[in-house]
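After the structure tokens below, expect a handful of questions from me.
A, B, C, D and E are the chain letters, set down in written order, and residue numbers restart from 1 in every chain.
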Amino acid sequence: MAASMMRMVLMVALLFVSAVLPARANDRDALLTKPGVFGTFAAFQMDHDWWDLNGEARVIAVSEVKGLIEQFSHKVVIESYLLRGLSDHADLMFRIHAHALSDTQQFLISLLGTRLGRHLVATSYLHGLTRQAAYVPGFPEQMKKELQPATSDAGLKSYAIVIPIRKDAEWWALDQDTRATLMQEHTQVALPYINTVKRKLYHSSGLDDFDFITYFETDKLEDFHGLIRALEQVKEYRHDRRFGHPTLLGTIRPLDDILELFAR
Amino acid sequence: MAASMMRMVLMVALLFVSAVLPARANDRDALLTKPGVFGTFAAFQMDHDWWDLNGEARVIAVSEVKGLIEQFSHKVVIESYLLRGLSDHADLMFRIHAHALSDTQQFLISLLGTRLGRHLVATSYLHGLTRQAAYVPGFPEQMKKELQPATSDAGLKSYAIVIPIRKDAEWWALDQDTRATLMQEHTQVALPYINTVKRKLYHSSGLDDFDFITYFETDKLEDFHGLIRALEQVKEYRHDRRFGHPTLLGTIRPLDDILELFAR
Amino acid sequence: MAASMMRMVLMVALLFVSAVLPARANDRDALLTKPGVFGTFAAFQMDHDWWDLNGEARVIAVSEVKGLIEQFSHKVVIESYLLRGLSDHADLMFRIHAHALSDTQQFLISLLGTRLGRHLVATSYLHGLTRQAAYVPGFPEQMKKELQPATSDAGLKSYAIVIPIRKDAEWWALDQDTRATLMQEHTQVALPYINTVKRKLYHSSGLDDFDFITYFETDKLEDFHGLIRALEQVKEYRHDRRFGHPTLLGTIRPLDDILELFAR
Amino acid sequence: MAASMMRMVLMVALLFVSAVLPARANDRDALLTKPGVFGTFAAFQMDHDWWDLNGEARVIAVSEVKGLIEQFSHKVVIESYLLRGLSDHADLMFRIHAHALSDTQQFLISLLGTRLGRHLVATSYLHGLTRQAAYVPGFPEQMKKELQPATSDAGLKSYAIVIPIRKDAEWWALDQDTRATLMQEHTQVALPYINTVKRKLYHSSGLDDFDFITYFETDKLEDFHGLIRALEQVKEYRHDRRFGHPTLLGTIRPLDDILELFAR
Amino acid sequence: MAASMMRMVLMVALLFVSAVLPARANDRDALLTKPGVFGTFAAFQMDHDWWDLNGEARVIAVSEVKGLIEQFSHKVVIESYLLRGLSDHADLMFRIHAHALSDTQQFLISLLGTRLGRHLVATSYLHGLTRQAAYVPGFPEQMKKELQPATSDAGLKSYAIVIPIRKDAEWWALDQDTRATLMQEHTQVALPYINTVKRKLYHSSGLDDFDFITYFETDKLEDFHGLIRALEQVKEYRHDRRFGHPTLLGTIRPLDDILELFAR
């Protein structure tokens, strides 16, 4: 009954938010590329009751989430992934970048408080911090050059994979030089995949039960598989006490697409 | 009330789909035999509410799933298995072959969106990639010959078993020759079972928490058991950090049979 | 309303089934004693809704299960165990012997489809195969003689215990002679318990996540405990990578008793 | 409506039971002190529906449990513990001593069948057997003397802790003398705590997934903690493959107190 | 209907409790700083039904909890944390300090008995004991001096992290001197973080399934991460058999803020 009015209010709110936040682009860029930024991977399942809501109720719920994300867009960068149909324990995932984890918390609490959020069951939250590359500065110049991907990043990638990792105590007990040598071997075997598989590393010791979160984007899943197979064959892999568990696999999708799917 | 109309619509849809997809057979063959194809094993449980639906509602729900599978048959090959009564954590399983995992995702999302799908609880999804045999080319000619099953594949098999495997880091650290020698020993002990137990291998490193998915079909479960017992006794087995967990055991059944069972 | 009619139909069905299956005894004997038979241990919990059914509904539901078991008795031998009050994760268990696992599957699917079955939650299914004793033929004659229990099997046992076992890779890598020697030591320490603790071994590699299922019956639980303690002290025990998990402990009870308990 | 009548019936039942069981005291003493007795630790959670019952319904339910315990008191000794507020996975626990585990089973089945029992969710059952001390006879006389607690047992203890233990295969492979030496060291470091921390040992190999259940009572939790810390520092501790998981911590309370809490 | 009256009663109760407990400050100080105090970390999830209560019902429920905490404030010190949005398995956490764990139990039972408490699901309880520093007395004087944080503790910290730890048997088998040397190295690498990351240690052997609970407060999560990374690189870390699982991460918030969030 009050649904159409609600929808109108939300649309007005959206317009307003868009108007007052013109300079978001630079912030967004910094959050996605600089060190010292917190990255959170938050995967959710939709509970069964969601699908029992009628169409209009779902449309309003989705609208509300869009408004919320717009509202937070000056503080956090939010990307969305569709896990449903590829992961057995989650339907969607957000990757959230923020300068402060308290901003991420505020966003997620607000999200969970929406009509749609009431139907989200948190299945795994992983937190990490971006840092300056630890070993790359000592790598040979040629390798450093090869580490620049030839193709621009602009091309839209289809798949995203998140693999958290915990190293064993022996790894951390190695001196910095030994670790650097092992990481150079690791990097060497990864080079052939640099143009088709994009990687990003987050450091998570203390923030969750892992040491690293490795994030991948690719159009060619067979190349991604080849990369992981190659990385399993270097000595550094022996120090991965836990690799995956969970491995999160999904497709990169604009939030609108995902929410539309959940509004059908 | 609108149920019989719905049923008629679905039947028309089925006829239409069959008509526009005459050349499916070749695709199907390629998907089932070529390297570079993605295989997904998706096991589900029926929730309790399903059984409370009345007969007609269940028949319509089943009809809708059949139509959906027909509709996707030009992009994905879907095989069905009855796990109920043999596995304590799943009732049915699909094996889905596709050139792109995004097609598999689209199918599974559509499936979960059907009336029947609302009652499916995903219990495990495993993803793998078919690849050219890595070690066979270096095997002795005699062994290669013996690896061709004498009986044709045409004979209907009754049972299917899925065993995912994770190798330890030591395995991957071995050089290719050593691994080839170990795999030759592995293959040798498997030869006596080649005519009664059919195997297919999927590579899954990075796509889920395993390195391989091994898939078996057999009419003689005692031979299958004998094969696994033989494989446990070769040196390569020492490098299986995880073997099974889950082991999925079921019978191969046309989807109609399975759905009929769930429509009773 | 139609309940009393239903009950009558079931009773007639029971009479009929009994009449057409006069020669079951021999089959039963073969299934329980011969090698090459599949044994399934299926443990269930009753869900909470069961207890909310009214008395008559429960009585009918129980009747239906009895009819079903009678109906399957020419293909599968079904024994029943009461786990409730001794196991924290299961209320009842069936041990099912069959020449083909597909018969067991058919029975369990039928069971789950009954009114009572709708309230059963499968907690663990274990499958194994009976085989000729592998090491006994090489044992000294005296030991073979002692392996024949002095007392007849006829005495009713009270308790049953199921302990699944997974051996480590080292075990399977040992040669047959070494394993035979270790099994002889194992058998030696078990001899003192041969008259009070009955054992049966099932081979399960590939059929579930274990290598063996060990099944025990006893009137003297303290003797059974003594036997396990003795078996823990021989060298072969070092090769048990997993022992129990789950350990299933219950009392052997005619199905009528168990069902009556669930019909109260 | 029929509630007050029910209550009257229960009260009469209680009176009757009390009357016919005058000689329980000796049995109780034997069950709590002799070897060859089975001890069961059964921990439960109250489900959420319980708290929705109205006051009268809860009072009747509690009454029924008291009657049941009285009724079983000639066969089993039942002690009660409040875990709620100290354990995250259980609200109450019973320690049940019986000459036969089938009596314990009968009691627990009856308990689960009461109005209150319908709301109990079994979270862990642990079973063990009391035995003659295995190593103490070989200890020095002085140590044996010190093992007699100076203060009488009469003093009411406040806290109870249950820690199940599984030893590794190496432990059981040690010869009796070596184990006795290690247990003497274990006992030595425990001596300072003998007057403030009461211990009781149950042997559980084969009866559940552990080898021992260690049970503690104390008024001084800091002493108990000190005892465990001391026991962690002796060589025998290296052979504990599993220690706790679960650790059950609660307060010793008369059943009336606990049930009153659940009847509020 | 009786809601406003209830609210009035609660307000009166609050006033009364405040009046009779004037001298709480000293107790509080002792509980938070002295050895021999029990610390409990109790994390909870709100169940889904909570969010279905109407506004007034939630306000009353929150009021009741505030009154309860006030009432217990002379016996236990209760601090509150918001985990929602940062932890996938808990929404809020209490840290409770008490001289006796039975007081903590009484508080938590009372809490669970409130209208709000009925909607709390306990996800993890961890218990520990504060003790005199074991190794610090033997540290060099300079290090002891550096262990005094330069800035006062008064500054409000934003984040709190709880990491429980279980040491391996080898750690406890080391002699006190060796452990002291290892802890000195541990302390040395932690010194740079002393002013931005506050730590508190609880000993928990026997009280739960861990040996220690480490508690951290910080405004600078990146420093906290740096601290953990540094601690992973010292030899003592090799003896951490379990580190985290769970790692609890949240923000420090007055209870009013948290409850208001749950009352919206």
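Throughout what follows, a residue touches a chain if its C-beta (ideal position, glycine included) is under 8 Å from a C-beta of that chain, and two chains touch if they have at least 3 such contacts.
Remember, it's a predicted structure, so these values are computed and weren't measured experimentally.
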item	value
Self-contact between copies chain C and chain D, residue sets same or different by half	different
Interchain centroid distance [CA atoms averaged], chain B/chain C, Å	30
Centre-of-Cα separation between chain D and chain A, whole angstrom	48
Shared interface positions of chain C, touching two or more other chains	none
Sequence of chains encountered when the ring is traversed from chain B in the direction of chain C	B, C, D, E, A
Footprint of chain C on chain B - complex, ascending	48, 51, 82, 84-89, 158-159, 161, 163, 221-222, 224-225, 227-229, 232-233, 235, 237-238, 240, 244-247, 249, 251, 261, 264
List of chain B residues in touch with chain A within their complex	36, 38, 42, 47, 101-102, 104-109, 112-113, 118, 122-125, 127, 129, 169-170, 172-173, 203-209, 211
